[in-house]
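The next part holds the structures, each set out as structure tokens.
There are two complexes below, and they share chain A, which is joined by chain B in the first and by chain C in the second.
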Partner chain A sequence: MAKIVKGSEKSDLVATSGERLTGKELGTAVVTADAFPNPGLPPHRQRVTDTNPRRLARAARIVAWLFYLSIAGSIFTIFAYMFFPIEGGDTTSIRLSTLYIGLGSAFALLAIGIAAVHWGKAVMADKEGVDERHPVRGTDETRARAVEIFKEADEESGFSRRTLIRNGMIGAFIAFPLPAIALFRGLAPMDEDPNNLMKHTFWKKGLRLTHDPTGVPIKASDLTIGSSVHVIPEGLLDLPEAQMLDQKAKAAVLVVRLKPEDLHWTSEQRKSWSYDGIVAYSKICTHVGCPVALYEQQTHHLLCPCHQSQFDISNECAVIFGPAARPLPQLPIAVDADGYLVALSDFDQPVGPSFWEREK
Partner chain B sequence: MTVTATPPSSGVTGKISNYLDERTSISGAVKEFGRKIFPDHWSFLLGEVALYSFVIILLSGSFLTFFFQASMASVQYDGSYVPLKGVEMSVAMSSTLDISFDLRGGLLLRQIHHWAALLFISAIGLHMLRVFFTGAFRKPRELNWSIGFVLFVLAMAEGFTGYSLPDDLLSGNGLRIIDGMIVGLPVVGTWISFLLFGGEFPGSDIIGRLYTLHILLLPLVVLAFIVLHLMFVIIHKHTQYPGPGRTEQNVVGYPVLPVYAAKAGGFFFLVFGVVVLIAATVTINPIWAYGPYDPSPVSAGTQPDWYIGFADGALRLMPPHLETYWFGYTWSWNIIIPVLLLLVFLAVVFAYPFFEAWVTGDKREHHVLDRPRNAPVRTAIGAAGVTFYAVLWAGAASDIIATHFKVTMEGVINTLQIMLILGPIFAFMIAKRVCLALQKKDREIVLHGFETGRIVRLPGGEFTEVHQQLDDYDRWQLVSFNDNAPIMVRPNARGKITGATRRRAAWSRFFFEDRIAPVTQTEYKQELEHSHH
Partner chain C sequence: MSQKPETHRKRGRRSPVAIVLLVGIGLITTGAAYAMATTATASAEVDLMSPQVIDEGQKLFAANCATCHGQQAQGTDNGPSLIGVGAAAVDFQVGTGRMPMQGNGPQAPAKPVQFTDEQVKALAAYVASLGPGPSIPSQSDLTGGDAANGGELFRINCAMCHNVAGAGGALTEGKYAPELKNTSAVHAYEAMLIGPQNMPVFNDLNLTPSEKKDIVAYLEYLKENPSPGGLELGSLGPVSEGLFIWIIGLGAIIGLTIWITAKSN
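What follows is the complex of A and B.
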């Protein structure tokens, strides 16, 4: 119910004149009886085409012409399709084909669009209309009838009375989709546990370090100080393609050679995982798994191009910037009898992004 | 029961109409909707752009499904693009290259599809901003805002599943990042990833699964929600901007037949034409330059499609070392915090209309829009939200900003981290002040008229500029707006002041404490008398 109160004194910005209506429906809204009245629709303004018959005739001509031009554009497009073929591997022919088919159909479409809009704006009768709005809620009568219908249905079915039936039905409705959830277990292999898979990589003792993507083994003596090499394990390329990518997604490694005195170690064991300044680190970012592929030779920093985490190779790949939380895992390496780099074991921890059961 | 049919009118059209109406009762629909009035404003076209780009996406996408093969089986590429000849890649990638290089018009259709998708999400975003800043979400349209919000999220999901399909290096890295985020989630992360990818990342199932989502499930839901969304537009009738003759009880505009149909129908062809023009001339997503997915290489400047940028930015702006081991499990806060941040942001967007309705307690229907200045705090909240989103979005381009403007990347990220917190606060304060200042200006013009530019010299030698009063129609624009004042805390029927009442009162102060009331007739008359003496 609306009642009349004085204008709020809360703010110095409020005009103090006039009396205001407030009420339950209004909430915080303030409606004043002193407001300006709506002046009603302004007088209709005629268009040029309403007053000047020659302009109207011209507009109508333009609209018609545009539709005919659109037909021409569509025909041009079909000819462009025929006369600008793609010659195997010739990028110019692809560009021309794409361009002319595209330009032709864009022209045909735009001509229709401009014609229709121009027709509507300049040629069609300029008659503004006013529709009345009605409240969105149904009328009281309708709502009363709706309530009545539900009541009748309730009585006739006994929905509220027969609780045993009703609760049974609700229970059944909750239960029947559950098997569908079980069915989705089949999305992943039944006999495998992701936790096992994620904790092991293709690396094992004695596997040679080979170039990515050629698979050629790497000799320690081939690596100069400051050089970096992208590495995959020996034998990875012999796997079937699908398994190869799964394994590569965990086993990719970056090998860098620094001056031994530039490497700072926290333990003798970690030092023993390197060979004469050559270190191997997992290339899979510990943040969300992008390859940490950018090596900055001057600063010995590794940068992940996805989210800019930075790792310091001279300090066991500790995180020095960016969203990553953990250092990159180190692959223990040595040199075999022929001078090739080999792995001493798998990584001592899971590689890549952190996951819930990582420490289990 | 006998029906006396009116004799069918002569002529082919008449006969067809009669045939249809006797079987469908369609004349009722024509009577109901044929002359329905739609108001005109350029900002109402944003929603139309979204709708039309969806139609373009459906058309171009259907064409692409005839040629694209969503398989991760490995093949040696043997198409026309020479630099990749003989390279091992998935069938998905190879068929996408075939569409681009061996199918006439294929590249064009691919680019139409991609550009239309980018436009779709942009148009939805701008449409939402229009609805927000004009208060179009108020009763009775709160639910339609929710439906629109769902469409916004679905559109992003459509976009992401779509650009992942070619299985190229860039999209593969996108999936890698999604996988990295999923496994970082507590308790369920590892298994969700395992189920989604059908085993370990990348596996050989994900493309096929995304394809089903992309072309079947998601479009179906999008379509259903679009139908709902438009149904509500018809039920509510369209909102209109304030203006002389426009009230909460009417809608002023043009009838569907013929003017609105011509303009809106023509506009579809305009949108379509512009998309095709862009697709014909500007390359988008050149997968041949990226090559097939391989978990090992990645190029600098890796960027998702624009609408995923805010999520990527949230990841990038996390400080280092946010990870803890509790109870033997790994808590990846560098994943959990950004995911929560995004969810909270989206939840706020979703809930805003309901929140504002609770604060104002206004139970009336609102069909006349607010000018943004006339709802200063709402506009300021919107500005803060836009700023927050923009900073996250800039975060996704931190490396590009650093290389283009020759500043350090660390500097860019640290600056954005600070801006993420301070930016929205400043944006709020500035936007609110600007709105209040504009409202004051409106009052000033109503009370004192506008400057005519005519300088008059008075007998005393004084120069003065003649002001002229507005006419009734122009004045109505400036005085007809919703005015709100904070509510007072009052005890309820049982004499108690509840916590909810206190909170509502506090929020209403936050919203409406600083307010400029519209000029009233009395004020105006007083001012006129005053100026005449």
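What follows is the complex of A and C.
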């Protein structure tokens, strides 16, 4: 049972805590009526280093030696850096260099820490002391003086009186973060609608499907049943590096070939997006955009390694497990006059994870 | 005067350095002889076209494989047809111990090989005689690849299942992509060629023979080069590294805190 003890209820306090607290010192502390009595400090126990001078001398020696060991570790680190250089891209030399530099500096630092703690525990004077906690509330005089100081400062600075300066200052504080909005806006695409960028990829009608990373175009006859090919659009590699990577991040496609009878379609239109068992699906997971390419050729499952979403290629990449919300978008493909696989259009929906304006 | 050189010689022979040297020479000679012997058996040439070999393969097939794959390798409800799978498929499946399968499960695991090298080749010869299919790659298909290009191809085509360091990884419903650190070059090459079990097929038009050679070179490079960062912890990334740091790292910190706050005795 707890109750708030007011400053005047002195008798209650003595009964519960048995201590020297006066009502004034207590403030608004909560003191329970049935609290355990303060057991006080346990009896002082002497350490072996207090009773046995030889053990004390030994502990002191150990502390000193630990500091010397730390010095040795530091020197070892310098020598390790000199004698195990990283040379010629050889992974063994990198391994040895980092290993010995790491060991040396770890020893140097750890020895200081252990020495300091051992010094404090075994060698330094050992006695218990009590510092009484003082109440948080200041005395009435201190509080009155604080108010006085505030008033004085307001008076002397004219903060309340000179409204022009005060409002100017508040305005300056408000205006200061504003440039950040303009600066961060500059990180987003400037001349294009970001929505639009997320809705369209590099694919367009007539672009050939080519091998990643060589850019060699793919013939339908190249693919045997069970094949999986990692595909980028024709012409992607002609872009400057940074732009190429931006586009590849959206346009990456996985092409697989199944027996045509293993593919189940909900509409003739979807079926017309495939060619003789060859289907192309976006590699960007509809959950949070990891590349989905763990293809099992017998079960026709596609597994995303990040959060274990599973897609069934034989059923238009329907989600059969995991957190992905939608099937992977299908890239409509056909075969051109020379037998190469070509895209019929861009994806019919945005690839990758959802965003607010996705459905608009 | 005449005694002195003799004692010197005796002492020389008894010195500990001499013993170490002798043991060293012995070990190196034995090792070299063993290595030569094993390479000699590995490259034992079996003519896959010879009728005797095919005949022997047929007998082995009837005794060990026909229960599931059928007497004519035409396939049954328990096992697929092997007509047209080629010698490479047999050399991979039987040569890594995956076949004959010991039980039904999500995946046939690699296990100790059940046949001698000659028997594996004879089985391969028989299955290859049933219909055209990928043949066993020769030594020249496996050596001299560009590991850097192989690394890029491996990261694009293989790493999502087999892990970027070839440590393997989990697939769906109990299946897994095996680790590749103990896979021989020829078996890795054959796996790409035939797409065993749930692995996709990477035929010669998808990954050209020279690209396959590069990937094999990358796998050999992985085997020979230790991780620059020290302990690999299985190269499994955040799973094993997290386990290590939470148990060993945090354990050490807890131990230290207990030691710091305990009173000295």
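The working rule: the second predicted complex is superposed on the first by the 277 of 360 C-alpha atoms of A that agree within 3 Å, B and C clash if a C-alpha of one lies under 4 Å from a C-alpha of the other, contacts with A are read in each partner's own complex, and residues count from 1 in each chain.
Note that a contact is a pair of C-beta atoms (placed from the backbone, for glycine too) under 8 Å apart; a residue touches a chain by one contact, two chains touch by 3 or more.
None of these values were measured; they are calculated from a predicted model.
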- Message: Looking at A:A122, would you say it contacts chain B, chain C, both, or neither? Reply first, second, both or neither.
- Response: second
- Task: Could you tell me if A:F321 is touching chain B, chain C, both of them or neither one (first, second, both, neither)?
- Result: both
- Based on the superposed arrangement, let me know which partner A:D338 touches: chain B (first), chain C (second), both, or neither? neither
- Task: Report the partner of chain A that touches more of its residues: chain B or chain C.
- Result: B
- Message: After the superposition on A, what does A:I94 contact: first (chain B), second (chain C), both or neither?
- Response: both
- Based on the superposed arrangement, let me know which partner A:R47 touches: chain B (first), chain C (second), both, or neither? second
- So, A:Q297: does it touch chain B (first), chain C (second), both, or neither? second
- Which of the two partners, first being chain B and second being chain C, lies in contact with A:E268: first, second, both, or neither? neither
- So, A:D191: does it touch chain B (first), chain C (second), both, or neither? neither
- Query: What is the contact status of A:T224 with respect to chain B (first) and chain C (second): first, second, both, or neither?
  - Reply: second
- Query: Residues on chain A in contact with chain B in one complex and with chain C in the other?
  - Reply: 94, 98-99, 117, 121, 126, 212-213, 230, 291, 293-294, 305, 321
- Query: Can you name the residues of chain C that touch chain A in the complex?
  - Reply: 152-153, 156-157, 160-161, 169, 171-173, 175, 177, 195, 197-203, 205-206, 225-230, 259-260, 263-265
- Message: Can you tell me which positions in chain A touch chain B when the two form their complex?
- Response: 7-8, 10-11, 13-15, 17-18, 24-32, 34-36, 38-42, 81, 85-86, 88-90, 94, 97-99, 101-103, 105-110, 112-121, 124-133, 135-136, 184-185, 187-189, 192, 194-195, 197-198, 212-213, 230, 232, 241-242, 245-246, 248-250, 252, 283-285, 287-291, 293-294, 305-309, 319-326, 352-360
- Which part of chain A faces chain C closely enough to touch in the complex? 45, 47-49, 91-92, 94-95, 98-99, 117, 121-122, 126, 211-213, 219, 221-230, 256, 291, 293-299, 301, 303, 305, 310, 321
